[in-house]
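The same chain A turns up in both complexes below, where it pairs with chain B and then with chain C.
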Partner chain A sequence: MRGLDIRYFVRRIWMFFLVIFIAASFNFLIPRLAPGNPIGAITSRMANASAGIENGQAMFEAYRKRFGLDEPMYVQYGKYMWNVIHLDFGQSLSAYPADVWDIIKPAVGWSVGLIGVSVMLTFALGITIGAALAWKGTPRIVRSLLPLTMIGGVLPYYLMGILLLYVFAFTARLLPMSGAADSSIPVEFDWPYVQTIASHAVLPALSIILTSLGTWALTMRGLIVNTVGEDYMLLADAKGLKKMRILWWYSVRNAIPPQVTHLAIALGYVVSGAILVEIVFSYPGLGYQLYQAIVNSDYTVIQGITLVLTLSVGFSVLIIDLIYPRLDPRVTYVAESSG
Partner chain B sequence: MNTTTLPLVKPDNAGSTIARALRNTWAFLKENRMFTTGALLLVALLLFGVVGSALMDLKAADMGTNPLNLAPTWQYPLGTDGFGRNMLAVMVYAIPNTFKIGFLAGVVGVVIGTLIGLFAGYFKGPLDTFFSTFADVMLVIPTLAILITVSAYVRVVTVETMALIVGLLAWPLPARVIRAQTLSLRERLFVDVAKLSGASDFDIIITQILPNLTAYLAATFVGAVSGGILASVGVEVLGLGPQTIPTIGRTLYYAFQRSALFRGMYWWWGPPVVTLAIIFSGLFQMSISLDKYANPRTKSGSGG
Partner chain C sequence: MASNPAPNSTEPVLVVRDLSVTYRTPAGPVRAVNGVSFSLRPGERLGLVGESGSGKTTTALSLMRLLQTSAVIEGGQVLLGGVDLLQLSEEDMREARFAEIALIPQGAMNSLNPMMKVGEQLRDTIRAHRAGSNAKATADTDARIQRALESVELRATVVNSYPHELSGGMKQRVCIAMGILLNPKVIIADEPTSALDVVVQRQVMETLRKVQEALGAAVILVGHDMGLMAQFVDRIGVMYGGKLAEVGPVRGIIKDPLHPYAQLLIKSLPNLETKENFRGIPGLTPSLLNPPSGCMFHPRCPQAMPRCATDVPALVEIKTDRWVSCLLYEGSPS
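Right, the complex of A and B next:
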């Protein structure tokens, strides 16, 4: 009897909540365990800055109350967790009454767009190049050119970003040097606006694509080579299927599930790399906001952004895990009782 | 070509002489050209830093000790930056620091990861479930996110603190690799033999299982050093991490902050970029060639 293994889905969702819980706990504990009571220092600095002359102590107490620091630790912890679930990360310290989430929100779109497009392009290109490298029918010239894609593979994304910026934006002046859109072009969904967004995104996206392409192509090639000895390949061959059909529907099809698993594992690394790319190009995503927050010592914004980064990686991994059974149906079925 | 298998070390081999160890090392280096090239790149860079520190007056790496914004000349081979620091002195100072962070972080991460992996894999049970789940969660959370939060609050002063923090976050991957291998090794015959002859669990882990993990330890160590350098430089580029000691990441941070790129000051951002490219390509070559010992896979794909 083969049945759907519901434990697979339960375990993935449980893992997702565990990721949120542990990441939020780190965020809660780090400032409170750090030497020199940084939160106390911040609140007293704010109290001094705003009051200074009279009622200094009362002001300090008011701030402590405002941030809930007068309550016992477990109450603070519970409240913190409750707020995190509601995407309430408190208020910015450098732009005081502004909500952290309101500062972060506009940046999320830029980051998700940049990283999403780059990752998908890398994935698709990596699979195609890997397949071309493994396939016997690829012309020799193409085959000898393809390893060139691996040159960038050893660099961190932002180093590639610096080089691309220097060559194509600073020296050749072909593409814009910084930002995500030309501010002189009105924000409307029309051709000039799309054009400016695309031209600003080319170099940041290329920094991610060029550095990660090689590894994807290489593992893809290995996975395809591994399918050569399999029985289903022999069968496909015996049936007299066209070479191209065998390549795409038998070799590549069976090499994709492990690649998707790699993607889920690599996602945290990609996001870490991408936030530094944003700083190189002053791209207004989460990475650039983070940089600004660090410059302004805006602790609540720093923590909000790092938590949002973790949440988005955790969420993306969850999505990948949940659609994975569509790619590899074996994982959600209980094995035959004899096995 | 990919059929090299893990060299099984017998415990009674422990008494081999130094000469033999040297001969083995030499044979290994000769056989693995890629590993040797990578290692030589790193050694050359490290020598540049160490010899340079001995020959140069490192005061030249302090702010305001030289004229500002000079392009490279004979007197200043790498020019000076916008703070009047001699870039050659800065690089000479920064390179050993970066190696130190990577090396220490790698040691801390691999030692913690190995201990957890060995014990979780050997004893299994609830301890294993706890640590495996924890490691899986930590692998999803981007290390850089936690590192940034920590270094924003803990004013990191020394290179050693930085290395310790990075290392404490580097254990999950080694733990997972070592655990997986321990799970398979504990079922082998020689472990049963040791058990029957009355060896304690601790003895078995140290004398029977650990020696068989050498290839994996080496591979995860190179990986951890690479990850440690990547993470620490990333934190430094953001303006966190050691504030007063020159590091490669912090040099890049200043270069960004002062728009060295847009001012055409290639001698400011160039040296750290080239240095990092050498470090990462060296480590990459080492890890690629260790991979064939750590992940022996035949062409038919029946690895493991």
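Right, the complex of A and C next:
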């Protein structure tokens, strides 16, 4: 691939795994560093709760053994890492003996669908609106309406969520209040199922789109305005190109690469920002599951989800790093010979 | 058509009459071009010289109506083959750009779109001026591009390069090739070599001359390097404070400059024989926000007379093809 040295490629992938390894290590360490050992805390809480029960102490010991807490730290660490590689995050504490991965897996699907689609839509809309704002040829009426898209930016995600919920679900009863799909509809790839998924996703997606669109549009407008004084813009005009050609292939084309970097950061940020949106809509994605796990002090699930979030951010940054040379021909990635 | 000089080649191809351009600035209007008139015969090379800020670029860009939105063309005519470009609709003007009057831009280094392959940037120039796109048109476009690249001595494979993969000289050659793609009648080159080193400068100028002669297009070359100018152009227009101080054949002006400013400019050229050092012209460039009364040059003019502070000289032809704007010559027989 042009501009993409194979050694760079390998190194970048290696970096990705290193980041994940470090993240996983912290993920292992932090709960164990907390005073009083949180995993011990929950098992002892269970033990207290069962104090009246016969064999309470035996049960507590059994739990400790079950979760491997009786073993030396390095053995726990080694086992933990080995399991992480196999996407085995152990068993849930609150929904024992359910596997953590079985709780996370469907949540990943819902979150990636909801957030992925919302962010991509926002990205595309933001670029278009930003371009329209910056462009001289935009009709005045359109131009005066566009700043309206920025109003949503003053609200945090979850407040926008509550507002939309109140107006469209609670008052107007146009859309469902919560969840990701109607449980009465069988899970099949057919029209009714697609419909229920879409109708459940509209409001959470809108709260993400409406609150972040303004920032995207404004940044885009700024980047496009910056191209106005460039020498290549003068030549584009001088050549007698049509306005639309100049707008998309000269202005927007030059403004997009920095926006894509912004996209990588935004993806990571939206994942955490959308936690509250998922809670408001009881949308069974990672954010919602994380919230449930925190409420139930379910440390194994919390650990699993944090790691998956790290993984997703690391992965989106990796992808964008790898496609960037395709996006901006001036950027070539070559592994330094000294490295 | 444009490639062989028409039989009535004495008819000027471009006539600029009384062109005035003002920039609106927060500090007030800046009169950057002030009543400029000149004409250009087919195939002729005219140089515009003058110190920085004298209005050369503004003049050149206003001919193609490429000025920024803060600029207002306040008056005048730009007659290209008898049609006033200043009166054309936006769309007609767009059509005329590069097809009738082309620009080789000042910033060679950054004038090509960094995101697009050179070939694509040549192709869109042609496409913007032709309706429809069938297989035959595509083949014709490619052939044109190949011919243009060949005439500027570039390999045909540069179409697959991105601008950053080319040297400054090569980029400027691409711009020249672009300029001749549609056989324009007039080519405006605004300091086309100012960003290049001296050796490359000469080579690029040679190429420009070669393609211009082959095409028979007239050229307006903007620059401040009198040495380079003298080798390239037929006639010179000396600009000062947004006005033409003197216009005439290059030899005449260099041997016998008439306007006091032109005299100082010629004298200030480094003289190779006497190894004289370059001498600047004493005094400051005029403020265009607050232009001097009378003759623009009077605060700096060694030959200024009392009436120079009040009377505005007009550009008049005092000998055959020698135009001067100075009160010293006013009233002398033409």
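What we mean here is this: the second predicted complex is superposed on the first by the 286 of 339 C-alpha atoms of A that agree within 3 Å, B and C clash if a C-alpha of one lies under 4 Å from a C-alpha of the other, contacts with A are read in each partner's own complex, and residues count from 1 in each chain.
In the analysis below, a residue touches a chain if its C-beta (ideal position, glycine included) is under 8 Å from a C-beta of that chain, and two chains touch if they have at least 3 such contacts.
As the structure is a prediction and not an experimental result, all values here were calculated from the model.
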Practice problem: Report clash or fit for the pair chain B and chain C bound to chain A in the combined superposed model. | Solution: fit
Practice problem: Look at A:317 in the shared chain and tell me whether it touches chain B only, chain C only, both, or neither; answer first, second, both or neither. | Solution: first
Quiz item: Where does A:275 make contact in the superposed view: on chain B (first), on chain C (second), on both, or on neither?
Solution: first
Quiz item: Of the two partner chains, chain B (first) and chain C (second), which one does A:19 touch, if any: first, second, both, or neither?
Solution: first
Quiz item: So, A:231: does it touch chain B (first), chain C (second), both, or neither?
Solution: second
Quiz item: With the C-alpha centre of chain A at the apex, what angle separates the C-alpha centres of chain B and chain C, reported to the nearest 10°?
Solution: 80
Self-check item: First (chain B), second (chain C), both or neither touched by A:245
Solution: second
Quiz item: For chain A, which side has the bigger count of touched residues, chain B or chain C?
Solution: B
Quiz item: Closest Cα approach between chain B and chain C after superposing, in Å?
Solution: 11
Quiz item: Of the residues on chain A, which ones does chain B touch that chain C also touches?
Solution: none
Quiz item: Residues of chain B touching chain A in their complex?
Solution: 133-134, 136-146, 148-150, 152-155, 230-231, 233-234, 237-240, 256, 261-262, 264, 266, 269, 273, 276-277, 280-281, 284, 299-301
Practice problem: Give every residue of chain A touching chain B within the complex, in rising order. | Solution: 15, 18-19, 22-23, 26-27, 30-31, 34-36, 38, 153-156, 158-159, 162-163, 165-166, 170, 177, 225-229, 265, 267-269, 271-272, 275-276, 279-280, 290-291, 294-295, 299, 302-303, 306-307, 309-310, 313-314, 317
Quiz item: Which of the residues in chain C come into contact with chain A in the complex?
Solution: 64, 66, 69, 94-99, 102-103, 105-107, 109-116, 124-125, 128-129, 162, 164, 175, 178
Quiz item: What part of chain A is in contact with chain C in the complex they form?
Solution: 136, 230-232, 234-242, 245, 249-250, 253-254, 328-330
